[in-house]
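Heads up, the next two complexes both have subunit A, just with different partners, subunit B and then subunit C.
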Partner chain A sequence: MSTYLITTILFVIMVAVFVICSMKLKSPEISMAITGVVGALVGFFLIDGMDFPVRILVEGLFINLDLAISFICASIFVNMYSYSGAMTAVTRKLVGTFNNKWILLTFMAIFMLIPGALTGAGSISVFVMGGLVATVVRYMGVSEKKTAAFVFIFAILSAACPPINLWTMIITAQCNMPYVGFTWLLSVPIAIVGIFTIIFLGWGSKRAPKEQILAELPEAPEKMNIIRILLPLVVVIGLILLTLYAAFDVPVIGLPLTFLIGTVVVIICNPVKRTFKEYFKVINDTMEQVFPLVATVLSVGVLQESMTQIGVKGLIGVTFITMPMILIFVFVLFFAAFAQGSLSYGSAIIIGAPLVFMYNTMGFDTTIACAALSLMFPIGDCLPPSRITGRLTCETVGYKGSYMSFLKQVAIPCLVLGAIALVMFIHPAWFKFLK
Partner chain B sequence: MLVFWQTVIHYLYFVIAAIIAFFFIKNFFKREKRTNLVYDIVYAYCVIPFVLRVLFVK
Partner chain C sequence: MANEKKEKAPILASKKVKIIILVCVAIIAFFGGKEFWELRHFKEVFVASDELTEVKWLSDYLPELKNSWFDTPIYVFDSGVEGGSVFIMGNVHPYEPASSITCYVMLENIHVECGKVFIMPQGNYSGSTMGSTGGAYPKFVTVKTEWGEQKYRIGARESNPLDQWPDPFTYVHYPSGQNLAYQDIRNMNRTYPGRADGTPTEMASYAIMELLRKEKIDIAIDIHEASIMYPVVGTYVAPDKSLSIAGYAAMSLSEYFNMKFEASPKSLRGLSHREWGDYSQALPFLMETPEPFIDRITGPITEEFMLEGKDEFLAKAAEKGLTYVPYDIEEGQPMWYRVGRHLSGAAEAIAWTSYFYPDIVVEVEWPLFEDIQANGLGYYLHDPDAPENASKVQVVYHKPAAYDRTYQDLEAAFKQ
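What follows is the complex of A and B.
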């Protein structure tokens, strides 16, 4: 059998196993892990020189370990922050200060963009600001489904937002390109989609009177003042900015430790003194709450490692890149999104870099093509099998409807983002003024 | 000085991994949500990387 045929068979087997496991076990985490292990097991018998799958399982678990630790620490920070009553105080202050729905929605959109823009991960935006933003947006009369969509869209936009866009950074690193000239190329489309999303989701909602909202909101702790509210957030954002802009003068703290330092500040700033047992319970509940997500990112690692080892990842990339140009234009949006859904940031490696190389040989503007691709990939954050940001949004916001109804709600803003990215990808020359 | 702090942070991450492993093992035996067998298996394999990290294996 040819290598192409073997990898195609393995790909079909993996898809079948994932579908069957998802239907029978009702757990995307274990379905991905089983798919990875089965793919590696079959590959072990079909491919000469393949390692035994146990190694793939263990190594795969380490691929996204840092991300998992970041998620856990970010969740602990946010839950401690909420537990201290600061989140309620912020919500009360915002609702009390601004009486205009559109101004508040715009502020919420900017709040959502900041953590993701600084860290490069939309999920961090959902963790840090998702709960607060969802509460305020709900009080603007926006439905549960639209609130979840609002948080999700701005989370994925925050991941693509400069200064840190991981897809662009991966592609530029692979292509020996400087990570320069992307600020406006990314910011302008994000601003357009952001404005569209605010209008699209906020249209028709009716804000309840300020007095009614404040009466419904729980009371903030008595001694909770502006310093106690802002200090933990300032410390976290300050540390992230320090590592970005004073990288040679401070040690590499890393996001997990940054969030834990923020947690310590939250405990110090808490006006109500709590016992160790109470804080232990908050952390334990957080661990249970965040576990499905942690399991998802770890299982995605197993799937990625398996796909890499048995050649399925390469098969997907090569098949796409060798298609006629017109078909690449037709399918790039769907392919980039689904590649992100299954391979996470690996999508930038398997199709991003080869496409940019191809554009280079054709004489097209590679910077604009790279920016366009990095605007397409985030759309896949709500697609199976991983759907990390999508699931996280539903859990953080507390959306009880079906996942399909959530997907339908986010479809239009995602398509607008995709359409802009696609035009940039097909006609890079039109966007040279943004460089 | 920077190197000293870098080393401290390096070891702090092992401590963080140990704390997470502790909570995962605790929840593996006793938890309130998702108590079925499927999640027993998920907990079992998710704790592996944290334990290996704590043991300096990887």
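What follows is the complex of A and C.
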């Protein structure tokens, strides 16, 4: 049997297993893990010289382990912050200070952009700011569905936003390109899409009177003051900035420890004395809340490793990049987004790097092509099977509608982002002024 | 999401099923862990050439590395005749095993007529002790010989997180301040010139710089492999001061195979071909050979693929002009070919440097491309279990270790 035939059979089997498991078990995480295991086992029997996949499957769990630990620690920080009453106090202060809906939405957009821009992970933006932003946006009269869309769109824009864009960094690392010249190439499209999103989602909503909002909001603890509110955020953002701008003078502590230090500061700043048992309950509840997401990112790793070992990842990649150029232009947006949904940051490796190499051969501008692709990948963060940022957004903002209705709501801003990226990809020369 | 949880089929909620899943996970974890342990502690062996004069350690140049998984042996061959000095390093990216196997062929067969040669087969020892997460690589690659099989490890691109963790969310290169992808903080070929008090990978890079400076190395060769869809495949990369020599060497090699040469970019920091030249007196050469195994759009990942380099998907990509070296699936890019390229590539770089700089002449011999082509790769690897080689066996580990013949014998018996 040819490699094409074997890998196609394996691909079909994996898709079938995923669909059946999803229907029967109603658990995307377990369905992904089972799909990975079945793919690897069938591959073992079909392909000569394949190792028994036990180590490979365990190795897959480690692909996103750091991400999972970051999710857990960020969630603990945010939930502790909310538990201290600081989140309520911030919301009350913002609503009380600004009367204009558009100014508040703009502030919320900027708040969402900062954590992701500094860490490269939109999910961190959702964790750190999602709850607060959703509360304020809702009070601006924006519907539940649109609020979820607002948080999601700015989360993916934050991931693409400089200074840290992980897709760009991965592609440049694969292609031995310096990570320079991307600031405006990424910022300008993000600004355009951001403004569009604020207008698109905020249009038609009617802000309730300030007094009514403040009356509905829970009261902040009595002794909560500006220092207690800001200090935990300042510590977390300060540690992140130190990692970036004083990298040679501070040890590498990683995001998980950064958030845990922030949590300790939250506890110190809490004006209400709480018992260990009470804090332990918050941590316990957080683990319950974040568990499905942790399971998702770990399962994606197992699936990804299995797809790599049996050649299914290669099949998807080679099918796409060997298409005629015109078809690549037609399908790049679709492929990039779905690759992100399946392989997370692996998408930048299997599709991003080969396309940038291809552009290099054709004499096109690789920096602009790389930026364009890095704006397409984030769209896939709401797509199955992983849909990490999408699911996280729905959970964080408490969106109760169907996931499909959420997808429909984010579709238009995503398409605007995709369209700009696509034009950059097809006509890189038009964007040289941004380099 | 809450609805989803409630609607979950009872099959997953049952206690029995949960226990079964836990038991399965425990079994997988046990057998998986066993394999991780094996990869971590496997010791490569070789039969050293009679001309081995000294075994040094990377920690000799930065004592803080002693007893760490970044310490690694360096084999010195001193002709006793005044001349130049050469440093050759393999496996700084341990998922490129043709680079370490090239070093082993040199170590087993080297003859130095003039000057001094330092060979370090495992540049990033830590990185060689794990598989490549996301790569799904087999643990080992085996070379067939007349006396049996010689086994080498397939490691990762970066240092093992067991030895350096956590990663930052972005890596800031020292001293340039350039931002690189976060995982590059564990990529030794992005951390030069390193820091004595930096991360373990930076410390190992710093120790290599110290070696270049203290041993007054004249020619420094960093051996790599590259995916065939990577433009710098089949290439010498050198900074200005050694670029013309790389050009002459590449021309000489064209009799046997195509070798390009390329200038080291000044804006891309942390790489050996840039920082070795800038922070020491050495003339650096980085060599890349085609390794289809590490391309990203390949078919199934097997040991045979690593050895033979044959893949239908890459053939399709080559048809479309997407590869940077000619690729024929009938021939592939086999291990012997890749090792042979490196052996001749290093020899030509040394010969042309000696020609241009007679005061640092190094005369050295080892099997070349045409020898490997004629006799096979296994022909140049010697049997560590043969009685006549007993005193010459060297074990490559992160600390001095004796050759565990019993282990090898047991394994051979098990296979029979």
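One rule holds for everything that comes next: the second predicted complex is superposed on the first by the 435 of 435 C-alpha atoms of A that agree within 3 Å, B and C clash if a C-alpha of one lies under 4 Å from a C-alpha of the other, contacts with A are read in each partner's own complex, and residues count from 1 in each chain.
Criterion: a contact is a pair of C-beta atoms (placed from the backbone, for glycine too) under 8 Å apart; a residue touches a chain by one contact, two chains touch by 3 or more.
As the structure is a computational prediction, the values presented were derived from the model and not from experiment.
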item	value
Which superposed partner A:Val294 touches (first subunit B, second subunit C, both, neither)	first
First, second, both or neither for A:Leu260, with subunit B first and subunit C second	first
Which of subunit B and subunit C A:Thr308 touches, first, second, both or neither	second
Partner, of subunit C and subunit B, that touches more residues belonging to subunit A	C
Which of subunit B and subunit C A:Cys382 touches, first, second, both or neither	neither
Which of subunit B and subunit C A:Met169 touches, first, second, both or neither	second
Contacts of A:Glu29 with subunit B and subunit C, given as first, second, both or neither	first
Which superposed partner A:Asn284 touches (first subunit B, second subunit C, both, neither)	first
Which of subunit B and subunit C A:Arg55 touches, first, second, both or neither	second
Touching partner for A:Cys73 - first (subunit B), second (subunit C), both, neither	first
Contact residues common to both interfaces of subunit A (with subunit B and with subunit C)	25-27, 30, 57-58, 62, 252-254, 256-257, 292
Subunit A contact footprint on subunit C (complex, rising order)	1-5, 7-9, 11-12, 28-29, 31-33, 35-36, 131, 133-136, 138-139, 161, 165-170, 172, 174-175, 177-185, 195, 198-199, 229-232, 265, 267-269, 296-305, 311-313, 316-317, 319-322, 324
Contact set on subunit A toward subunit B in their complex	25-27, 29-30, 33, 57-58, 61-62, 65, 69, 72-73, 250-254, 256-257, 260, 283-284, 287-288, 291-292, 294-295, 298-299
Residues of subunit A defined as touching subunit C within the complex	2-4, 6-7, 24-27, 30, 43, 47-51, 54-60, 62-63, 66, 118-121, 163-164, 166, 169-170, 172-180, 240, 243-244, 247-248, 252-257, 292, 301, 304-306, 308-311, 313-315, 317-318, 321-322, 346, 349-350, 353-354, 357-358, 360-361, 391, 394-395, 400
Subunit A partner contacts - residues on subunit B that touch it in the complex	2, 5-6, 9, 12-13, 16-17, 20, 23-24, 26-27, 31-34, 38-39, 41-43, 45-46, 48-50, 52-53, 58
